[in-house]
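One chain, subunit A, appears in both complexes that follow, with subunit B as partner in the first and subunit C in the second.
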Partner chain A sequence: MTRLATGEEIAESLKAFCEGYNNNQRLKEMNRDWQRVVLVQATDSQDAFTLDVAGPELSFRPGAPEHPDLKVVAASDILADLFWGDLNPTGPYMDGTLKLFGSEEDIVRLDIISLLIWGS
Partner chain B sequence: MPELKRVLTLRTVVATSAGLTLATSTFVAAAQVAYLTAGDSAWLAILIGGLMCLAAAACFSELNGLYPSAAGIRLYFARAFSDRFGLTGALYYNVMMLSVYGLESYALAAALSQVLPGVPPLLWIVAMLAVVGVLNVRGVKLAGGFQDLVTYLLMTSVAVLGVLALAKGGFRLHTPLSPGPVGNVAQAVATGIFLFIGFEWVTPLAEEVTQIPQISRGMMLALGILAVVYALFTMGMSNVLPHSLLVHNAAPQVVFARRAFGWGGALFMAALCVGASITTFNAGLMGLSRFTYAFARELALPPFLARVNRWFTPWAAIVTLLVVGLAVAVAVLLSGHYLVLVDLGAGVESIVYALTGVAVWSLRRREPDRERPYRAGRGLIVPLLTAVIFFGLALAVFVNDLPALAYLAVGLLACFLYVTYAVPALRKRYGRQPARSRRRGQTPVREGAAK
Partner chain C sequence: MEIDFLGQRCRIERRGTDGDFERALGLLRELDGRVDAIGLGGIDIYLRVRDRRFAIKDGLRLAEAVQKTPVVDGSGLKDTLEREAVYYLREAGLLTPGLPVLMVCAADRFGMAEALVECGCDVTFGDLIFAAGMSYPVKSLAELEDLAVKLLPRMAELPFHMLYPTGSAQESVDEKKAALFAPYYRAARVLAGDFHLIRRFLPPGLDGQLVLTNTTTREDVELLRERGAGSLGTTTPELEGRSFGTNVMEALFLAYLGKTWEEATREDYLDLMRRLDYRPRLTYFRGR
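Presenting the complex of A and B:
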């Protein structure tokens, strides 16, 4: 069993995720009209972050948004490994340890973004 | 936790559940139910089938509350039984649903050929699948409001046609309470399950609602409305059509509409079929392609099926599904054996519902303390009754249709062998070694994660 991830570690992984997105021209082109606010919530540490997708730019900030379009909820270590690309999201999603809330299109799109950034 | 900005209403949950269920091929099943029961007493078999599906819906609701995920039975069965069981069951279920979509395109082609006989059915099938394919590859989804409108209009129209047909006969019912021999009624109820096939595909919407019980209410309401609509329609149809015309006809609903209301009625019915197929295909194939994409992402299917295009749609999965769907439709067209797919669909769906009851029982034992926003009744009566009833119905279907049983056995064996031998090989070939986590040297494996 892995230990909990700290808020700093989740923030580091989100930073890497945002860099991967912002350096990927194909993704930026594909997402040019997509505007979403994503809540990233750790269930064990209560750390929360906001991912802002503003078309070709992705950024994050600490704290929860008031009304997100999409929610990504899991234990802190899963979140950190997911956004680092060390863990394929399908595994924890299929075994119920990763919960996603939002429209089906948005959930699939977020997974595809992860696929295109990290390759698996 | 903050609430989502956009959430679905009960109206859309009901429309999604009913829209996936109400299809052109369900009219074929409705005629089959009417044929198996004496005269206009098919409504009894349909209502019994609908009531039984309510029990299954209660079990789905409990599981959906436990695991509000679009992964559906893949996740429920993995948690209740084993990961391999969950994967085998989900793969087979998706293959079966694909066969039903092949049947659906065939049934639509048969309906349209009744009103435009000059156009070969194969052309209708190819045109239908091509349109659906382009829409899915481009990621075009009918707007929620429009899909709701189409579904409610369809249900109203089908019910009104049934009532009008009954009115033409002066509401004279011949044998409304005498459905015939018990064996036939049991088979009619089992076939009648096909009429409700897919109502549970609304569970992925659990990720889009704020209150999980809304999904349960939506499923129950959809089942109730559909049972009434189908009951009225079959009573009207069996009042107009002679018993012999209810079978050996892939488009009995068009024949019924023509007899009852002339060519105008037949054209209207053909238009209803187009609407029913579009709503089913629109939501159904999109869901299937995303399941296929997810299976490819977890390396349960070849990874090329996870390829996506610039519209964020899994184009390789969509094209593969369309090719397989076309092959099924052509096979049905050439053989004329469409009823075997109706029975296969009803039988497999019954087995899935039965397993859902067993899964509720198993998870109550395995995870008694996990939060359950919805419970399928107190005690084990509902889940165990669901398991017993639906295993019995599956038995009734397959005993009376041995070719369907053969398809079931071959399909299950193929899926089991595939999951046992091909999936590990795929994962060995394409899976990457777990990287060292960038979190201070941790290895990204967690207790309870998928093996």
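Presenting the complex of A and C:
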């Protein structure tokens, strides 16, 4: 049986993800002109977060954005593992336990960001 | 069509499925054991970066659907052929040290990338630009390898259409992105690599660039001319007035050699290329 991750745990993982991004000069350079609002939504709890990609800076806040460009939807434990880097997004994306809604190019870019923060 | 290949009559057929993966799987199973070799087009089985090989999940699934007939994606021949094409153009004085080159993607043709760097060209690798729309030119083979090792093992598991235009997506130019990425094209004197990727963001207003690529159709040539390219170098050999993709040529080579993909060597390919008197074909749009 899978364990539900708490909102605090997801927030901690998002914090680590943002730090990984903001401390990576190459990622900041790669995404300097990329502006996106990303919804991070847990399917087994009411937890939702907003990731703001403002080019070289990545930040997050609790709550869902009004008009997300990209949606990352999965069970809470998957979200926490994903943003902690304990789980690579490609596997759950391919088996359907992680759903990404947005343009294919944005999805590929998010995958690249995750791989460059946490490795494969 | 039927052609004479070094004294042997060969029948070549193109069977397309317009990017339909399941239909492609069915077709491959149907052809298994009934033809001498199969060349997969529009998809790679492996990406080779120096001595590492990364399997593309979808490409491997297609290859594994075939048990008896040798299946190739052209990557083995491409590595040999495109190096030779670059050396030929260097000898012809068309590739000189410091010449700015935009190579749209090096992960699918590392041999060409290495040869261009060997010639001293100032190469911009557009792998992240063309795969993910990231305005991040890679400027060295070392960084390219570093990124390949970090990204390719996982990215190769994504559906192929997310990484490369397939089916009808191969036939259009993304005009919005073409405007965005035009500076990379215009700063280069040579545009090198896969033609579907070159075309993807091909801007108008080029000023005489040499396009070095694999195969092109008559429509592609017209598009290049209309967008201002100066010349076109195609790397695939011409047989009886027709050019074929490297996947077809590599399949033809294997059928002729009677070898599997694993058995065929670079020397085998070089020997056949010598016997075919291989050289890249050059077409000038504006005079030499």
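In this section, the second predicted complex is superposed on the first by the 119 of 120 C-alpha atoms of A that agree within 3 Å, B and C clash if a C-alpha of one lies under 4 Å from a C-alpha of the other, contacts with A are read in each partner's own complex, and residues count from 1 in each chain.
We adopt the following convention: contacts are C-beta pairs under 8 Å (C-beta built on N, C-alpha and C of every residue); 3 or more make two chains touch, one makes a residue touch a chain.
Here the structure is a predicted model, which is why all the values come from computation and not from measurement.
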Clash or fit (per the criteria above) of subunit B with subunit C on subunit A: clash
Check the contacts made with subunit A and report whether subunit B or subunit C touches more of its residues. B
Looking at the overlay, what does A:33 touch: subunit B (first), subunit C (second), both, or neither? second
One more residue to check, A:104. First (subunit B), second (subunit C), both or neither? both
With both complexes overlaid on chain A, does A:54 touch subunit B (first), subunit C (second), both or neither? neither
Looking at A:65, would you say it contacts subunit B, subunit C, both, or neither? Reply first, second, both or neither. first
Touch check for A:5: first (subunit B), second (subunit C), both, or neither? first
Partner chain(s) touched by A:75 [first = subunit B, second = subunit C, both, neither]: first
Kindly classify A:94 by the partners it touches after superposition: subunit B alone (first), subunit C alone (second), both, or neither? both
Once the structures are lined up on chain A, find the stretch of subunit C hitting subunit B; candidates are 63-71, 81-89 or 261-269. 63-71
On subunit A, the footprints of subunit B and subunit C overlap at residues 29-30, 88, 90-91, 93-94, 104-105, 107-109, 111-112, 115-116, 120
Help me check something: in the complex, which residues belonging to subunit B touch subunit A? 1-6, 67-71, 74-75, 78-79, 83, 139, 141, 204-205, 207-208, 290, 293-294, 297-298, 306, 308, 310, 312, 432, 434-440, 442-450
Please give the residue numbers of subunit A that touch subunit C in the complex, ascending. 29-34, 88, 90-91, 93-94, 104-105, 107-109, 111-112, 115-116, 119-120
Interface with subunit B, subunit A side, in the complex: residues 1-3, 5, 9, 12-13, 16, 29-30, 37, 39, 41, 64-71, 73, 75, 77-78, 80-81, 84, 86-97, 99-105, 107-109, 111-112, 115-116, 120
Subunit C residues within the subunit A interface of the complex: 128, 131-136, 150-151, 153-155, 157-158, 161-163
